[in-house]
Every structure is written in structure tokens, then in C-alpha cells.
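Letters A, B, C and D name the chains as they come in the text, with residue numbers starting at 1 for each one.
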Amino acid sequence: MADSPQPINLFEFEDAAREVLPKAEYDYIAGGATDEISVDRNRRAYASWAFRPRVLRDVSKLDLSTTVLGSKVALPVLIAPCGGHKRAHPDGELATYRAAASCGTAMAVSANANTSFEDLAKAADGMLWVQLYPFRDKAMTQDWLDRAQANGYKAIIVTLDSQWPPKRERNIRNRYQRTRGANYPVGGEHPDAPRPAGSGAGSDPAATWKDLEWIKAATRLPVVAKGIMTGEDVELCAQVGADGVIVSNHGGRHLDNTLATVEVLSEAVAAAKGKMEVYLDGGIRRGADVVKAIALGAKAVFIGRPLFWGLAVGGEQGVVRVLNLLREEIEITMAKCGRPTIASIDASAIVRVPPL
Amino acid sequence: MADSPQPINLFEFEDAAREVLPKAEYDYIAGGATDEISVDRNRRAYASWAFRPRVLRDVSKLDLSTTVLGSKVALPVLIAPCGGHKRAHPDGELATYRAAASCGTAMAVSANANTSFEDLAKAADGMLWVQLYPFRDKAMTQDWLDRAQANGYKAIIVTLDSQWPPKRERNIRNRYQRTRGANYPVGGEHPDAPRPAGSGAGSDPAATWKDLEWIKAATRLPVVAKGIMTGEDVELCAQVGADGVIVSNHGGRHLDNTLATVEVLSEAVAAAKGKMEVYLDGGIRRGADVVKAIALGAKAVFIGRPLFWGLAVGGEQGVVRVLNLLREEIEITMAKCGRPTIASIDASAIVRVPPL
Amino acid sequence: MADSPQPINLFEFEDAAREVLPKAEYDYIAGGATDEISVDRNRRAYASWAFRPRVLRDVSKLDLSTTVLGSKVALPVLIAPCGGHKRAHPDGELATYRAAASCGTAMAVSANANTSFEDLAKAADGMLWVQLYPFRDKAMTQDWLDRAQANGYKAIIVTLDSQWPPKRERNIRNRYQRTRGANYPVGGEHPDAPRPAGSGAGSDPAATWKDLEWIKAATRLPVVAKGIMTGEDVELCAQVGADGVIVSNHGGRHLDNTLATVEVLSEAVAAAKGKMEVYLDGGIRRGADVVKAIALGAKAVFIGRPLFWGLAVGGEQGVVRVLNLLREEIEITMAKCGRPTIASIDASAIVRVPPL
Amino acid sequence: MADSPQPINLFEFEDAAREVLPKAEYDYIAGGATDEISVDRNRRAYASWAFRPRVLRDVSKLDLSTTVLGSKVALPVLIAPCGGHKRAHPDGELATYRAAASCGTAMAVSANANTSFEDLAKAADGMLWVQLYPFRDKAMTQDWLDRAQANGYKAIIVTLDSQWPPKRERNIRNRYQRTRGANYPVGGEHPDAPRPAGSGAGSDPAATWKDLEWIKAATRLPVVAKGIMTGEDVELCAQVGADGVIVSNHGGRHLDNTLATVEVLSEAVAAAKGKMEVYLDGGIRRGADVVKAIALGAKAVFIGRPLFWGLAVGGEQGVVRVLNLLREEIEITMAKCGRPTIASIDASAIVRVPPL
């Protein structure tokens, strides 16, 4: 990063990361299920909305801060729960967390993190959430919930779209082997590689809404359901008392041939009826994407792949730069749309783009 | 197949088959009528529907079995009637049938098969259907119907879209010569190369609905009409007592410039009013395509070109692998959509994709 | 044409013609106005309609004949009026006419033909129409109308879209110089290169509907207006007593940025209210295009560029082959759609194609 | 320009300019904000409308003249306010103004012009408008308004979309440094590079509609608001007494991900309710684009980038040729659409193009 010019946007970050990462790791990060149609659509669908610029509205004082589950963040971009940050940089999750904290935003720690919940909590003075699956192993689940609460984590994300192993063809071709997360008991399975006949720690294919209810009852922390792509499931989340949902197709990494997350957002927001916060991940590469998601009703968005690119290119400082690039682009967009605060970004800021 | 890595999807199967097949045979299999617009659209149209993933619905026990005309198959993917399997592998139809039987599904035997109906019936303990045309030669037709019944075949497919020879430009350029099917009487014509002024065994351009009624009356086996692309013709099939229809444009090999079969499916299903089973062929390459077709009302689908790729790459085992790849992809799709049985796959599993 | 294989479709004819024609002549034939958007759209718009194949309708006896202005033609494809056939072959219009006559169809002779109306009439025993512009020079106009009638021509086409010279950039780059038509008086202007301040033989930019009325009154032959692209102008044609209209944008050679002619056809047919025959030219390359135009209400279609490709590749026999290729493709399409006669090709034979 | 053939359209002008301009200058002119989606869409969106050609309407006398704010121009194409014409040619704004004057149209002088308002006014006998921003510095604003009026300028354009610096990635990569405009007081800031915490001459991010009211009150010249992209802002312009609006997204150079200006035009025209003139800039490259904009309700259009190409290729004569090419193409379009005057170009001249 010292000699070559710094990436000036997230696409250049991806290019730079591709240069330094082993191909199999780059592919693991970049890849998606089967034909990667959903990976591609997640990104391209943002182009379906255009901004409606507004003028003469005093944008001299922009405020990008908002709240997530009642806690303030400096910008509406959070770090998604992604396994194994050490694949991109030896500092792993520690670097990411320090970057997030220094930028005033929250990081969600993956069930498959390379770092223990406890070590991570000590690394900075920011905001942490923890992510888990509806595990078969309820004892381990309770242990994680307790450890999260004891270490000051602010929320629980339950990832619901990993009930069956996906077909990621890049990984198959690369014979890619993942390492186990640091927080599992020794001898447990890979949580995101469940098998129907398996047992133990994996995401349970037999899980039902009762399992999410169990988690909600087992912790005092707010619970956010991740991997929701329909209004029906948003309503079911509300019925079991979830505090939020993340509209997500797992970055196109589990089921291919879905709509883009941003295309599902309005349906999800409508179904939430204001009772739960609705977040989004998938394809965020520009500040413009963030503003569009907020205009469509998202409380905040999460980034996944870009944090790996930041790590690969520059460790903690790389992630800081990724977040700052998004912040600067959000500022421009807010100013040009005449929206000085996050709360002022509503549906009138955008318009559906007609096909050309 | 021994040295190079196994194909991991049907596209790789096609690539591998292209390597081993003579160009003229590859082209015969791949090609379609004139500009091959329908070949292309059959495939691409699946992208017009997206899945609506569902969570927490207990997908630990997936059941892919269904019934076709009352008989159970282990998965909703059948082998379409395609002429001359020996063009892809010396074992020809025997290999295909054994593969189908070992995977628990049915094979439809083409009028132009390289193997006699009798020899094929002895090769495995699976389910066979036979395909014919509305031949001019009623005596031969009756003979085939009787032989099929005597040899335990379960259904008759009557292909209706071959009343006039198509223009397949790859074949014209390659000066491609087809061999005659093994089941025709010596000296008969090519059944799928009829001429208006011709006579004998060919698909009769003068055929009308009375000819289909004649076939229905001439056998106790169920009769399925293949090559149907409109609701009007579905209704006429019902009126003459057909037991099922296959929505098919012959893989884009007869009339170019049609809609994709999957685009016609809803119209056909509505017209069938639940009185006949509706199947589909055309462009199936992924398990996702199968699930979409079922969500739109198909009872099952047929594959054509992929069986030749399987044969070319690995004979019987190649076809087994083709079927298993589809089965695994169907499983993932069903699990991720929260649909543990074929019957649970309904229209709410999909949504029309807006153009980007 | 002797050594290399014969073109098997009109695209191959174009490729073969490009090989033998001087670049400037090829470009003159191929090119259109400014960005050639209309040239491209004329062709591509046919893909907006798909066929609805029908089965079991007795297509053993296909009849492609129809009538134009009351005279029978063997197929619904006529030769459009195109200037200077000698640019493609030394036999020029004589070869084209002989080909049209031997195929049983009509040829429209351009105002800019390289052959005199009289010489052409003697060359074969077919059907000729003549094309002219709303000339400033009424004496010459009357002379042409009289010569056409005296020589057995069957109809007059008046081209109305050439009231102002177009911008054809290929010709500008090639410094292309056209030769004068053989039928103009010595010293007259180029009829299709009018200037507002010019005088004499050119298409008169000051022409109004009174000029078309004048032509109608000046001949007993039926009058067909060419270059019509709106329902309003169809109605005005009817008001002045025209016998037919040709929906045409001059092959995209005059005004760019129009709809395709096939997209305007329904509007034109509706406006004609059955009182005039409606023809179409523009982008016809396949028999399928002809059948689509007829299904949308065209009485017949005209081909322009393909006749030059036929001439360039094989003179009279090349044009015969172009027409025969279209005939064979029309036959296939009619048979597969279950439409044994031209009259049976109605709107139910096609369906609008949804965007993919 | 002497040796190589003259560009025959504006695309060739761009190509020729790219040859002679330093890359950083070419990029500065060509580039836009972030992904340049709006740059591209501005251009491509014209293809969403097609012409409806009309015949026999007497187009022998075409009149391209119209009025802007009550003053006559010979054609409905004006020179947009663009900074620093000397980057393309040493004669800079003097050359552009002489070209505009000789073609009978108006030039808007940028706040960042390389030439003083006074020097420019003396260079020709044409029509000048001046452009400024809602500056923080009201004294300088008053000075500019007074100088414009004293030097015979006819209107004031206030650019409203530059309240925040854009992200132009080509400039970042090229480390592009702009020079200051000739009309700013020594020591003032760059007007189009404002910073929230800055002070002085820059476009004030704190500006509100009161600032536009102030400008309107501070001059007797008509005031035109530039950078309007919504009906709401058109209405607000009317409320503060603006005399016109320019629908503009600054050539895609400020906020990316907007609709094309031509797509917003109808909304703007409707909101203006005939009380203000509505102009447009963005993507004009063909006379056809001009006619489409007028058919959608624009009073006239502005060109920006093409004037730099004209300057780069041939100085004053290059700009003359750019304007003449547009004029010739407008003439062809008007003639072929049967619209002999600007006033006769209404909505019936065009039709929305269906997607192919």
C-alpha cells in the first residue's frame, strides 16, 4: 500500500486485494452459489433506482449518524458477520474491529471468527454484535449467548439461511478447505456445513421458529434474524419477538437465483410495520448504494466482501479507508440530494429507473 | 473421465462432451432450427423467475420423489425421447436406461432409438415409455403400441411438432446424415424427415386430432402428447382423452422464434384444468430450473441434450452423474426454499424477476 | 458461386455479397441514416413476436399464394423499388425481374433504375410496378405514368419519405457518387437528392397531399403510398384515394431514430380500416419475419437489400435462390404453426415476447 | 484539421479532440462523477424516444429560429456555461463566443471562464449570458451581476447543483489541477470546490431559496436556475420568481445515479406550468436529440462537451462546424417529421420506444 496509489473506491480495493490474496482465498470471498446470478444481481440491482437531486436545502452540516437497536453509530454502515478474517490479514478480526471502532460503527462477529469472543472484546472500545446459527447444540448456544452478554456484546444475529450446505463451484474447483472458528468446542462440526444426517454444532436443518423463540428467551440481548428474503418471514420474525431482521441472501453464497436484497427491501420494510428494524446486506460498493437502501427503508446496511479487501490491502487501515470511502460518498450523495441527516432520506429521494 | 476432474455441473458436462464428440455429432445434439433463438431462450427464460427463500421450516428430511401417470419416480427428472444414443456412446440406449433405472427415474425411448424395444426392456428393471409420431403407417403404429405394452412399457408419447422437416443449419453445413431407428420396418422412411408428397412411416403432415384419437383407442397405455405450446392445444388434447402433455418446442429444434417452454407452462397448466398431467422439456441445466418448472405447475421435467453429454463423457455412469448433479441441486433449492417435498413446491416459492 | 457452397440463408448471402462487392457499393446498400439505429431496429424488432405452434391441423398442402391489388402472386414477398441494380450485377434490373417472374412474384421498378421501363417490360412475363416520387416536374410524372400503363405495369408506388436528403455517413466517408436513373430526361436532377432551393425532377419538399391526389387522378393504375409510418398518414392516404400503403422507413436510410416498421404495422393496419392494402418493408431476412408481418396484418412484404446480395452472388439465379430460401422458410413456419394458407395466418399465430 | 478529413458528426469530433488534447484535459472534459452512470445515461436515454415521420406537409421552407427569454436565436442550441475554454484552445472563450455569434446563438459564460466578462463582451456582436453560483460572497455576486448588466449580457444563470464537491475519479487519478477563473477577485477560492467549513467565493452549501431570491432582486436581468432535476424544485424556482430553469445534472459530473435529463424533462415542463422557460443540457450529440427535447417541451438545449471538442479540433471554426452539424441534422429531422418550424415540433412528433 506504501508504493502504489491508494484505491480510490471499493472496486479498486477489490482489484488490489486480488493481487495480494491467494487465488483460492480471493475466490472464496468473491464466489457465490452455482452460477453466481444472485451475486451479480445484488450488485446490479442498485442501478434500478436513481436519485432525485434537490437544491438550496442547506447541506452545510451533514450528520451521518444514526442508531441501531438504540445505540448510536457514526454512519449507517456496519461490518457483516463474515468467517475467518485471518484469511485476508494476520491481524484478522482484531484489525477489523479496531477499524470499525475508530470509524464509530459496529462489527458483527461471525460464528466462524478466528478470534475468541473474549479476545476481541478487549481489542477496542467499540460496538460488537455476535452471530450464530440455530445450532443443534443448545448448550453451546447458551454458552455463546452468555459469553456475548458477559463481554459487552450488544446484539445477537441468528443466521437462518444456512440450513443446508450450498454449492459454491469456485470452492469445489479449488478444493478449498476452511478452518474451524475459534469459538467452537474442540471436535465440533463446521457450523455452516451442516448435513441432514449430521449432529452437533452445525446449523440445524430441522430448526423451526421454535428454535428462534428459544434463542430469544435465552438472552437479554436483542436478537436480529439474518437471511430473510420474504415479507412472510419478516412477519414470522416479528411474531417470535425478534428485534430486527437483516434482508440478506448471504451475498448470493447460499441459494442462487434470488432477487437482489435491495429488490426485496420494500416488501420486508412493509411487513415489519415499524415494529422491527430492517437492515440489508449484499452488493454495497458505493455510498450511493447505502443511501438508496436507506431511502427504501433500511435502518442501516452491512458490508461483507469489502472488509476482506480492506484487510488484504492494508489491515486495520485498509478497513478504515474502505469505511471512509463509503462515508465520503454518502456525504456527497446526501448533500446533492438535499438530505442533511439520515432521517431526512426518505422514499422521495429516489425514483425507479425505467429500462433503456 | 478417469484422469481429468469430473464435471461439477451440466455446463461442464457439455464442455467435456464437446471435447470427445465428433463435431458433426456435437452440432447435431446442440443445434436447433435456423437462428437457434428458441434454443437460447429455452435456457435463458428460467432467469425470469427468482426463488423466494424461506427459513426455519424443518428441511432435515427432503423427499424428491413424485409420481408420473401414477407411477413413482425418485426425482422429478425424466429422460426425454431422443433418437440414436449410440451417436454419443457405443452402449447407446442400454446405458441410458440403466442409468435412469439406477437413479429411480423413467426413460422415454425414441422412435429413432438405436436399440429394439425388446432388447431395451431386458436391460434393466426400471420404467420405460415409448415415443412415436402420428405415422401414416397405421399397421406399424399398432405394432409398436402392442410391442410396448407386451414389453412392460408404461406410457406412449406421441410427438406432434414434427409434421414438417425443420431447417437445422448446423446439420446442413455439416452435411449430417442420420441413421435409421432400429424399430422401423426395413425400407421405411425416416420418421422425422417427412415430405408432404411422401408416404409410409414418416410423421404425417396430414395428421389431425382424429389420428391422436386413433392412437388413444389403439392402446391401453396412457398417452402423452409432446410438442404442445398453446393452451388451445392443451384443451384439444384433453378432448381426445390424452393423459398428459409435454410442453415442448423440441428443444428449439423444429420451429424457431417461439417462447421458451417455461414461459408457456402457466398457460398450459391453466388449460389442463387439473385433468391431465403437464410436463416440460427444454433448457433444463440446473436443479433450480426443475424447481421453477414445478412451482409453475409441471408434474415433472424431461432432459434431452444433457443425457448425450453424460453418455459421451462416461456412458452409463456419466448419465448417472448428470442425474445426481440435478438431484443434489434440487435438494439445495428445496431446502433453501423451505420446501421439503415436491408437493410443497408451489407458486409462492418463486417470483417474476423484474428486468434490470 | 460455382466453387464455394451456396449460401443457406440470407445472412450468408450478405456475407458472400460483401466478399464480391466493392466496399463503397456494399456500404451504399447496407448503410442507413446517421447512427443506423433504425436499420438495426428494423431487423431486431421481429424478435419481439414469437410464434404459437399448433399441431394436428393437416398441413400436407401448403399454399403460399396471395393477391396484391387483386393480382395473384405465388408468395407474399415482393421486390422493393431499389435504385441501380447494376451496382450489384451487370444484368441489373433485367436479372432481378426474370428472377421475380420465375418465382411468381412482382417487382417494383425504382425511379432510379438502370434500365428503361420499356426494356424491362420486355425481359420477362411477370408483374411489374413502377415507383416514383412526388416530383416537381409534373410533365415528367405524367410521362412516367403513361409509359408504365402502356407497358403493362400493374401499379404505381409513390415514395413519400424522401422529401429531404438524408445523412448517410458511410456514403459521406466513401465519397460515394450515385449514377442517374435511366428513365429521367437528360439533364434532370437526382430525384432522391432534392434541395429546398432546387427545381426540376427531384422529390419536391413542398409537396402536399394535393400532389398525391394529382397522381391518383393522372393514372388508371392503382396507387400505393410508400414511406408511411403513422396511423394519421394512413388515414390521409385513404382520404386521397390511395389503393395501398407500404409501411416503410426506407430501410432506415432516410430518418434515423424511428420505430421498426414491424412495430408500426398494427397502428397502420388499424388506421387502414380494411379500405387499403397494407404492405411492409424493412429488415425481412427470414421466412419467419414474413409470417409475423402477415399475422400483424400485412398483405405482403417487400425485400430490398437481399435482392442486391442475390444479384451480387449469382445474378438472376442468386435472386431466385434468395426468394426460394424465403419460400422454404415460410413453408416451415406455416406448417409448424398449423396455417396451411396465407389467409389462415392471423393474430393468434403470434404472441408478444416478454423481455428477458 | 487541414490534412485529415473534417469530422462529419459530433462523435468524430470527440475522437479527433481526444487525439489532440492532453489526456488529463480530455478526461476532465469527458469524465463524470464516480461510475459515470449518469454521463452514459444522459446520452443513451435519447434512444427511448422514436420519431413519427410525417409526409406531404410542405417542408420546403424550414425555420430553425426560436426565442430564449424573448431574444431570437437562429437555432435552439445554446452554449452551456463551461469553465476554462483555454484548456482546449488558446483562444478560449473568445473563439467560442465568435462561433456562437456567427451561428446566431447565445453563449453562457462560466463563472470559471478564462476571460473577463468585459473582454468577452467586446469580442463579437452576439448574445451572452453569465453563470454564477449562490456564492457566500454577496459583494462579489453583486459585482458580477452589475458587470454583466453593464456589458450587455442578457441573462443570469445560477448553478444550483454544485453545493458540494463531486467525486470525479478520472481527475483524482490524473491528479488534475484546475486553474482559477479570470473573474474572481485575487485570493478567492475555487467556486466549484466548496468545503462545508470553507468561506469566501465558493458555492455555498448553506445556500437556500432565499439566496436565489436575493439574486433575483439584485439584478434586472432574467434569472435562470440550472441543475434542476425534479418537479418540486421547478415549482420552488417559480415561487422565487425565476425566469427559466435548465434541467441539468451537470453532464453527470456532480451526482451520479440520476435519471437522464431528457427523462426528467416532462416532469419539469409539467411543473413549470408554462410560467417559466425550460431548457435542457446533457448528452446532446445529434440534431435528433435536440428535436426530441423540444418535442418533450424544452424551449432550447445547451451543449457542453462538444464545444470543447470543436475548440480542440479547430478553434472558432471547429465550434462553428459543431453547431452547423447540429443545425443540418435538426433540419433533416424537422423535414422528415413534417415540422417546418420549431413551434410545430410537439409531443405527437415522438413516441416512447418499447424495449427490445
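In the analysis below, contacts are C-beta pairs under 8 Å (C-beta built on N, C-alpha and C of every residue); 3 or more make two chains touch, one makes a residue touch a chain.
Please read these numbers as outputs of a predicted model, since none were measured by experiment.
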TODO: Using the touch definition up top, find the fewest steps from chain A to chain C.
DONE: 2
Open item on the list: Using the contact definition given at the top, which chains are in touch with both chain B and chain C?
Closed with: none
Task: Chain copies touching (chain A, chain D) - same or different residues, decided at half shared - done: different
TODO: With centres defined as the mean of C-alpha atoms, identify the chain lying farthest from chain C.
DONE: A
Task: Rotational angle, Cα trace of chain A fitted to chain B, multiple of 5° - done: 90
- [ ] Report the inter-chain centroid distance for chain C and chain D in whole angstrom, where each centroid is the mean of the CA atoms.
- [x] 43
Task: Inter-centroid spacing, chain D versus chain B (mean Cα positions, whole Å) - done: 60
Open item on the list: Show the residues in chain B shared as contacts by 2 or more other chains, in ascending order.
Closed with: 47, 355
TODO: Please give all chain pairs that are in touch with each other.
DONE: A-B, A-D, B-C, C-D
Task: Of all residues in chain D, those that touch chain C in their complex - done: 5, 8-9, 46-47, 49-62, 286, 288, 292, 328-329, 331-333, 335-337, 351, 353-356
TODO: Flag every residue of chain D that touches chain A in the complex, lowest number first.
DONE: 33-35, 37, 41, 44-45, 47-48, 134, 160-161, 163-167, 169, 172-173, 196, 204-209, 211-212, 225, 227-230, 232-233, 236, 249, 254-259, 263, 355
